[in-house]
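Heads up, there are several structures right after this.
Presented sequentially are two complexes of chain A, the first with chain B as partner and the second with chain C.
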Partner chain A sequence: MAEPSSVLVASILGEYGAATRKELERVLESGEPRRHLYEPAADYPRRGGRMLRPSICIAATRAFGGRMDEAIHSAVSLELMHNAFLVHDDIEDESDLRRGEPTLHAKHGVPVALNVGDGLLVMGLTPLVENQRRLGPHLSMRVFEEALRMARESVEGQAIELGWREDNALDLVEADYLEMILKKTCWYTILYPLRIGALIGRRDRFELDRLIRFGFFLGAAFQIQDDLLNLIGDADRYGKELAGDLFEGKRTLMMIHALQQSGTADRKIVGEVLGKPREERSEGEVRWLRQWMDASGSIEYGREFAHGLAGAALHEFESAFEAVPDSRDRRFLEALPTWVLERA
Partner chain B sequence: MAEPSSVLVASILGEYGAATRKELERVLESGEPRRHLYEPAADYPRRGGRMLRPSICIAATRAFGGRMDEAIHSAVSLELMHNAFLVHDDIEDESDLRRGEPTLHAKHGVPVALNVGDGLLVMGLTPLVENQRRLGPHLSMRVFEEALRMARESVEGQAIELGWREDNALDLVEADYLEMILKKTCWYTILYPLRIGALIGRRDRFELDRLIRFGFFLGAAFQIQDDLLNLIGDADRYGKELAGDLFEGKRTLMMIHALQQSGTADRKIVGEVLGKPREERSEGEVRWLRQWMDASGSIEYGREFAHGLAGAALHEFESAFEAVPDSRDRRFLEALPTWVLERA
Partner chain C sequence: MSHHARIKRPHLTRTAPNRGWAGIFGSEEPAGNSPAADRIGTGVGLGYRVIEEYIQLGQNAAQAFSAAMPQGWPTPPLGGMPGAGAPFGAAGAGGWASDAGPMFDEFTRNWLQMWQQWLSWYGFPANWAGAEGGNGTGASAAEAPPFEATHQPGAPRSHAGREAATSDLRVRVQLDTSQRTDCAVDLRACSGTPALNELRAPDPDLPRLADCRIDFEAGEWVIRISIPDDQPDAVYSGVIVDEVTALPQGTVWVRIGAAEPHTGAS
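And now, the complex of A and B:
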């Protein structure tokens, strides 16, 4: 009898996560300068995390006919690049907490943290050179090309979001939000790991764009659920500041919805609160924003939207993975749309 | 009759610089998001500059038997990565001016500038994928590998220098300084462009480590001369703040020498001035530091040190380029040790 899908997801994340972590530790072994580079560089990657991205990469490689050892360097690369983005994003967003501990720049100052982020990016690209031993130069170059595409999408997504904050944008619509998270979240969380899996497993003989809609819907459901957890989750379990997104003035789907539902008076208040520098936003104001969102029905709207996207992802899975034979890895990928809504 | 070497250097920098700039403009063509990413990304690369690094890359490729079109993508990549480092370094050093204009973070704020630096890095790596058309996948992978080595050395060098500032290090010796600039300057300014030139020109059949001593001595002479110009140069011609290095508390060779020459009383004053946050260092204090350096004979010491290094570079050139036939490009590389001391 097949495992229930939630058990399957947990079990694959545990198994592939452990394999990635083992290889990751080899890369994180301390070099010099230790105190101002390699020690802080190992900080975020060792704070744990679900290892969702490397697990998707390994599972996709296997589902498409490859082996774990062919995917492991790309998986480690992805996890390190993810951590590099987190370090820089935390500086850009002036975040205080990451996985329940002070952010890197809060501990070491912006100059050291910024440079450590660059270091993590370089460390993250290095396994793509090591790919050559298992994949040869052509396929390794293709993976590198996909990594650059992903990094570019992420930087563009981040630029869009930073721009909204700089401009204090209040008139966004759902399509703006979806375009931003396609770039900022979906590419590096779902699409890139799936694409390199298909690339490696099928030796560059799979039309990668067939994965776009599944990856987009799944990644968008993931991001909206993440933003919902930030608004409603329990700080201890979630690890970031509760409602940190509101302190940061983040334009989430729920924020965009609430703005659309509001009259001139409320929009004016929100505009003033979001237009302030972060450190001037008070707890009282954040509490007001949170209640205003509730009153606008935006939490419920976000939940329904995420459900709709997960359903669409499930539907798209059929055509995207049509040519892929049944396997535990395929079932893992198929279970993800349901899983992203269930995680807390 | 051969051109005088200073004319030759100016002429090659002009010629190869223009070729690089033309290709660079193609890469900088504006995409979206424009205002918060691609427009600011084109800012530093368009502020001019000597194009020393891409010119060395192209000249080395040709001296070792290759063609300009085989080197051009690597040259553009290098120039973009150089600009990415400048953007991040300016944030880390809290610099106000770059090539006579406000730094990127002074214009756009730290969040946007940091992300733009990441964008420039991604844009800088992209031509290394395009290398494949001319160089094939194996050689392209080797260039990518060298680019990562260079980026890692740069990040490590930056970490060492940031660490000195964080720790308010006052007991450094010449060897510490030389190790730091080997990583922070020599690798990406001289060694990397030479190495990929030899790699491309000789199709991966040249022992790259033969270039290390020449590149190190030349790069070190270049950096010390750069630091001297910061102390003594004319702000209008130099483009950065006059004595900006003193405001930043930078541990230059001259600073290290002056500290070594000083008694307890002066060392105590310097320690206090350098230990302050940058914005608290007054103009009077910076003027005092400058006079103290003069009185310690440190400017003269730096000048002699740079001359000694340039002489050593000239000497090493003979053995490093022994197997390379005479050409205009070889003569350009040979002229560089003299040129770095003459530029103002």
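And now, the complex of A and C:
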């Protein structure tokens, strides 16, 4: 009997996550300088996490006909780069918590954390070079090109979001938000692992652009749900500070919707609150923002929006994967749109 | 004839089919006409607009890139996204249009040199990148050719397929099988010491065709593949690589039974 989809997702995340962690430990070798580089570099990867990205990479590789060992270096590389991005994101966002513990820069200071983030990026490149032994020069080069593409899209998306905060942008629309998360989130969370999985599994004989609509809708639903959990989630399970996005002045879909629904007076207040540096934004002001969002119906709006995008992802899955035979890995990928909405 | 009233279907309050996204995850609310469905539909429509515009940007960039590309360069394999046609990552839409050729030449040259240097640090052979003939490593493989050698049940087990030779490559395929089998070979080059990797199906659980080899005999390349009697129906493929440089030189497909060739191949 086939596993229920929620069980299947949890099972594959556990299975492929464990394989990735094992290989990750090999790459995260200890050396000198230990205290200011290698130990803090291993900190975030060892805090746990769902290993969603490497699991998608491995599942896509297998669904397209490859083996786990052919994808493992790319999966490890992705997880290291993800952790590098997290270290730098936490500095840029001035976040206090990551996976339930103080952020790296809160523990070690910004200069050390910045360098650790750089180190994790460099470590993330090493497995891509090691791909050469298993995949040969052509495929390993193609994976490298995809990694370059993903990194560029991600930093462009991050720049757009940081720019909004820097400019205290208040006149954004939903399409602006979707374009930003397409670059910031969808590429490295969904599209890149899917694309390299198809690349490896089909030996560069699959039209990768067929995956873009599915990857975009799934990644967008994932990001909106993540933003919702930041506002309404369970603090213990979420691992980051609740309402942290409001403290950081992030322009989430809910924030954009609430601004659109507001009159001049409320927009003025919001503009003043969001225009302050983070450390000057009080808890009372953040509480007011949260209530203002509720009153604007923005939480419900975000939830409905995420459901719609997840539905579109399900719809697009069929055309993206029509040439892929049924397998446990294919069913895992198909179950992800539902899973992103169910996760707490 | 019965005098009982004829049983009729109850009259539906809705006048249109229930289509929409709202009910897809189990909502009991009819999906078609509710305000929630309207909002969700708007969001999904917006999502499609954003992604289609993004894809269009990529197609524009790919067309501009393709038009500006020097003769002999591979056509960008994908036109769907910004930078997709550029083998070395993203370029802003239209960014390639004005001076794509020289800029790309320079970028590629520098990139390949850096990559070779990097590989040499790691102890890999450093000559592979240049050996691609200067056409970059982002070149997509050729279209899968039509299936060429065919074996029907009842024919002798050892079957000599017809030649699939290019102008200066002579290739013969020998399939050792009792099943209905088609075979195709895409051989772009063949030199040095080629080796045929085991053939595998898209489904990783299916057994692979491991008994396969390529040899040079009497002026032609001979590909021999032995297929077990109980090999499941599927399309299997394997890569021909140069054992020394590890450069791919071609691909072999074998279709067993009535398996459909995967249409996703490009």
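In this section, the second predicted complex is superposed on the first by the 344 of 344 C-alpha atoms of A that agree within 3 Å, B and C clash if a C-alpha of one lies under 4 Å from a C-alpha of the other, contacts with A are read in each partner's own complex, and residues count from 1 in each chain.
The definition used in the following text is that a contact is a pair of C-beta atoms (placed from the backbone, for glycine too) under 8 Å apart; a residue touches a chain by one contact, two chains touch by 3 or more.
Computed from a predicted model, the values in this text were never measured in an experiment.
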| item | value |
| --- | --- |
| Which of chain B and chain C A:Leu148 touches, first, second, both or neither | both |
| Which superposed partner A:Glu279 touches (first chain B, second chain C, both, neither) | neither |
| First (chain B), second (chain C), both or neither touched by A:Gly109 | first |
| Partner chain in contact with A:Leu162 - chain B first, chain C second, else both or neither | first |
| First (chain B), second (chain C), both or neither touched by A:Glu304 | second |
| First (chain B), second (chain C), both or neither touched by A:Asp171 | neither |
| First, second, both or neither for A:Glu29, with chain B first and chain C second | neither |
| First, second, both or neither for A:Pro137, with chain B first and chain C second | both |
| Most chain A residues touched (candidates chain B, chain C) | C |
| Those residues of chain A which chain B touches in one complex and chain C touches in the other | 129, 132, 136-138, 141, 144-145, 148, 152, 156 |
| Complex contacts: residues of chain A adjacent to chain C | 62, 64-67, 129, 132-133, 136-138, 141-142, 144-145, 148-149, 152-153, 156, 174-175, 178-179, 182, 201-210, 212-213, 216-217, 220, 301, 304-305, 307-312, 314, 322-325, 327, 329, 338, 341 |
| Touch list for chain B against partner chain A, complex | 31-33, 35-37, 88, 91-93, 109-112, 114-116, 118-119, 121-123, 125-126, 128-129, 132, 136-138, 140-141, 144-145, 148, 151-152, 155-156, 158-160, 162-163, 165-166 |
| Residue ranges of chain C in contact with chain A within the complex | 21-22, 24-25, 36, 39-41, 43-44, 46-51, 54-55, 58, 77-81, 83-84, 87-90, 115, 118-119, 122, 124, 128-129, 137-138, 140-141, 144, 200-205, 237, 239, 241, 245-248, 251, 262-266 |
